[in-house]
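Both complexes shown next keep chain A, but they swap its partner, so chain B is in the first and chain C is in the second.
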Partner chain A sequence: MCSVILRSSDGADHVVSQEAASLSKTVQSLLEELEAAKDGEESILIVPLPNVCDCTLRKVLQYCIQHTMSAQQVTEGPTPSDELKKREMEAWDRDYIMVSTDELYHLVMAAHYLNVPGLLELCCEGIANLIRGKSPEHVRQCFGLVKDFEAPEEESIRCTNLWALVDEKEQAKK
Partner chain B sequence: MLVSESSGPCWWDELPQECKLQVLEHLTARDTARAAGICREFAAHAHESRLATRTLKLPAGVSAAAVRGMVKAYSRAGKVRVHPSLTQMQALGSAIALGAEARVQGAPLEGLDLSNCRSLSENALLSFFTTIDTIRDLDASNCIEVSDACLRALAADLWQEEFDAEEDELAWEALQVQDLPQPRLVGKTRMHVEDAFAAARQAHSPLATTVSVGQRDLSGSQQQGRLRSLSVAGCTEITSAGVLNLLKACSHSLTSLNVSRTAVSTLQQSRWGVLQSLTANQCSNLTTVTFQLPASAPLRDLHLSGCTNLVKVVLTCAQLRSLNVSGNGSLTHLALNCAALESLSASQCPRLVGLVEESSFPALLNANFAFCKSLTDLDETLEACTGLLTLNVNGCIGLYRLALATQTEMLRLEAAGCKQMRRIICGSAALEVCMAQSCQLLQVLHLQGKSLRHLDVGGCSNLHELQMSRLERPVADLMAAARSGKDALFLNIDGCPRLSEDVVSRLKAAFKNPRPRIS
Partner chain C sequence: MAASVMRPHRVLRSSGILLRNNKRLCTIEEQTSVVKLANTDASAFVFNLPDELLDDILPHVDSVDLCSLSQVCSRLNKLAEAPSRWEGLCAARWGPLTELQHAAAALAGSWKRLYRSKTETDKKAEQAQNLCPYEVDAAVQRLGCCAAPAGQSTIATFCIDGSGSMASEDFKVMTSFIATAMTGLLAMDINCKVAVVQFSNDVRVEVAPQHMQLDELKRQLDEMSRMNGGTNIALAIKQAGQLLKNEDADAARIIVLLTDGRVDTFQGREAVKMAERLADEQANVSIFALGVGRGVEKTEMQKIIGVCGADKVAARYIPLYTLDEAPW
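Right after this comes the complex of A and B.
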């Protein structure tokens, strides 16, 4: 398997297998361009990624390597069971996305720029978990958002969506 | 799950729009409603997602009060789907009804989906139907407690709700008029029914008013009968008696009925009224289906697949478009007189030898007879189907020839694994795909082949005559044509030792694919 070098915005190089790197569709198409331009010279390809800092790239590559490894395990050797493997992978993903809000932000931006669909999906789920089950004030604080309602508007929105709060109030009473 | 930092930066605004949407997709209805209080952006999203919801799924664990608010808030949802765990709730029906009534400029609530509510009692189903009086589409599939008695009660309810005794008789008379074979008079006879009701209402105004007091204002369409579609698929207790009972009460409104996986044993009911779609898959008690419908009967789709004991199907249905009788292990007699039939699927009927001779379905576009092992001849059956586009006879090991001379529009022919097949002749210049691999005895294959882009005759070890008008052109021309074509080409002639070298080289030239195949 041939390797490629990914260069982060702060100039640090990461050597990874082409397969892992190709999980990023952005990198994949850059690689194709470089491949076409190199005229048969035998040299290792270097992909500069000026939009991704070293720390985030490291984290992204962790994901890519893990996911190509598990894909290889599926194709070769005895498979314990696909179901089991899938569950293991999900557990790994859950663990992986346990990061601070800041890190999550950089990760989602990088996943978007690098176009790694699986990672982007995972990040979005992580962000959704930040919203889920929290009070509006808490979410505002977390995302640095500002309440931009006027009083009557807020009241009408509250009324329409009251049903979502009814059950919790009852549960609280109990 | 995530540790949030209270002093986080304002980064939500910096996320690309598609990421934001992807995040919001992960939120449940309740999360979205709660998040509406965050800011205008979230409120707008909650508003839009509410308006875009056509089927409201009530989640597990909601209270009656929440259901009421939810049904009201999702004002465009014409259909409500009830979570199986909710059916134990006493006030669910009235909560839904009250919510729907309180909608501001909303859609009427016409659909109720109770599928898979296995513990739903018969009384509960009935009370749903009477409490939410706008319901026209009812899905009670896999509600195993629902039986004939329930359908009878439902029928009685519909009956009472719509007519008094005299109206009822008038209705039957009107229906009989409607049932007469009078093509293109549907609209007129429908008027007839309405007139009949109107006359009856006037004649018995005191009675009629008491009836309408019990209901809320019924719109014009509802006066013709309430139930529009019903599914009782998987309600194993239901038999023909219950279904017929119900049909009597709403044969002038019911357009779609699904009785799959029930104990229904007969469908010989000529009074299908306005029924457009009938599904009776996997009804193992069904042995014969005979429909002799008038030309005005609007039945368009009929599904009778997987009925293991179905032996005989006789259909005279002028408006039928699509018929599925696949997977019927006992089917031997298939007689069709369906002038508008476009799609016929009769795959995996191992006992079907052929269609009854008088059958006629000249408008057929798609035919599927795959794995009908006993099928011996299709040429005559399909002769009149001049518009045929696709034919699938894969695995028909009894077929020994296929002559499709009149079907000049055909696009796709599949006849793989026909062990007895000797000759295939297809006269369509439009044919794009021909698959006849593993027909060991195939000797002659004649194709027009002007548009052919996929030819598979792999393993046809006796094939020695392959004619294609295109191949007569010079090799250079063939290659040029292959290169200029836009479509990916496919050729498999492996394992055909009796083909002449000239033909092989010409075929290879004609199918030389400029683009690598995408695996």
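Right after this comes the complex of A and C.
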């Protein structure tokens, strides 16, 4: 498997397998572009990523490497059941996404820019966790948002959403 | 091994601006500065993310959270009320969405309203899968599509299963559907007669074909008592055929079977034969089958509908009120 170098915005280089790097669709298409332009045969391709800092790139690559490894294990010979594999991977993902909100922010932006579908999904789930279970006022406080409704409009919106609160209370009872 | 990059400046240029789906996104640095201005709390970044990312995040939260978000501010209101969001929630909760549900969402005005209506219906029905009012209306519209054009008459014949396997609540669901259906059909300005036939081992004409006031129809439906016994659908279709024989030749004949379809192979074959004869002898026959009760045998019912054309089966079988368990 040939390797490539991913260069972060602050100039740090990371050597990774092309397979792991290609989990990023953005890197994949940049690689294709570089491949087409290259003339020598012995060269390692360098992909500059001016929008991802070293710290975040490390974290992203951790994900890519783990996920390519587990994919290889599945294709190579006798393995524990696929179901078990999947559960292990999910546990790994859960653990992986336990990061500070600040890291989570950089990670989601990087996952979006680098276009790593699985990682993006994981980040979205992590962010959804920050949003869940909050009242409108609580959401405003947590996320520094300002209510921009007129009073009558707010009241009418509140009324059309009352049913959900009733639903929630009943679910809580159960 | 020397690392060499071919024309790196070209690559840098093409990747320097974040282009995805032909839209320019803010670079991370730009985004960060926005966050710092807005709030010192680290999680404040969430709603500074571009809408495109929030569209990926919001499918991860449930209906209660979406309702909460829509009350926060106008931007979140717009994001939380997006039709696709609620359509997604409906699909996640009630499986692949049917055409009937699409029609019901259109009648309701939004997927969110349909979600609410279905949630409330489910709560009332507990274990059973019940159509919510919008879905019932969509089903009635389907009946209406088979009605005759203006000026000609339509006869809606309801064959209601009064067999022992029907619980009294099932019976109530069926009679109230008849009332709702007639209300709907008359509201569509359809010149519509109604007939009601109850069947079990035997068959009874509850309402002979006639134009009837809704109040009177509802009264008669309320007074109807269940026959008990087996499920002889063939007999019901035969009776419907006899009632319809005397009507205008070019009138539209809508037959609605309300049953659990729990028949043995012989009874099933007889019912299909009888339906074939009816469709053969009389014009403009449309047969619908509405599943009601425990352990509904929809394949039997679909065979009966099939006599009017295999292409009609999908649209004309509607599970009205079903319980996914054995009847004993």
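Here is the rule we go by: the second predicted complex is superposed on the first by the 163 of 174 C-alpha atoms of A that agree within 3 Å, B and C clash if a C-alpha of one lies under 4 Å from a C-alpha of the other, contacts with A are read in each partner's own complex, and residues count from 1 in each chain.
To be clear about the criterion, a contact is a pair of C-beta atoms (placed from the backbone, for glycine too) under 8 Å apart; a residue touches a chain by one contact, two chains touch by 3 or more.
Only a predicted model underlies this, so the values are computations on that prediction, with no experimental measurement involved.
**Student:** Is this a clash or a fit when chain B and chain C both end up on chain A?
**Tutor:** In the arrangement built by aligning on chain A, the partners chain C and chain B clash.
**Student:** In the overlaid three-chain picture, which partner chain does A:Met98 touch, first (chain B) or second (chain C), both, or neither?
**Tutor:** first
**Student:** Who does A:Leu30 touch here: chain B (first), chain C (second), both, or neither?
**Tutor:** The second partner, chain C, only.
**Student:** Thinking of the overlay built on chain A, is A:Lys38 touched by chain B (first), by chain C (second), by both, or by neither?
**Tutor:** Second partner only, chain C.
**Student:** Report for A:Val52: first if it touches chain B alone, second if chain C alone, otherwise both or neither.
**Tutor:** Once the two structures are laid over each other on A, A:Val52 reaches chain C alone.
**Student:** Chain B or chain C: which reaches more residues on chain A?
**Tutor:** After superposing on chain A, more of chain A is contacted by C.
**Student:** So which positions on chain A get touched by both chain B and chain C?
**Tutor:** In the superposed arrangement, which is not itself an observed complex, chain A uses residues 100-102, 105, 108-109, 112, 120-121, 124-125, 127-128, 130-133, 135-136, 139-140, 142-149, 154, 157-158, 161, 163-165, 167, 170 for both chain B and chain C.
**Student:** Given the complex with chain C, which residues does chain A contribute to the contact?
**Tutor:** Those in contact with chain C are residues 5, 26, 30, 33-34, 37-40, 42-53, 100-102, 105-106, 108-110, 112-113, 115, 120-121, 124-125, 127-128, 130-136, 139-140, 142-149, 154, 157-158, 161, 163-165, 167-168, 170.
**Student:** So in the complex, the part of chain C that touches chain A is made up of which residues?
**Tutor:** 1-8, 10-12, 14-16, 18, 20, 25, 27-28, 31, 35, 38-39, 41-47, 49, 52-53, 56-74, 76-77, 116, 119-120, 123
**Student:** Please give the residue numbers of chain A that touch chain B in the complex, ascending.
**Tutor:** 94, 97-102, 104-105, 108-109, 112, 120-121, 123-133, 135-136, 138-149, 154, 157-158, 160-167, 170
**Student:** Residues of chain B touching chain A in their complex?
**Tutor:** 1-6, 8-16, 18-19, 22-31, 33-40, 43, 46, 61-63, 65-70, 72-73
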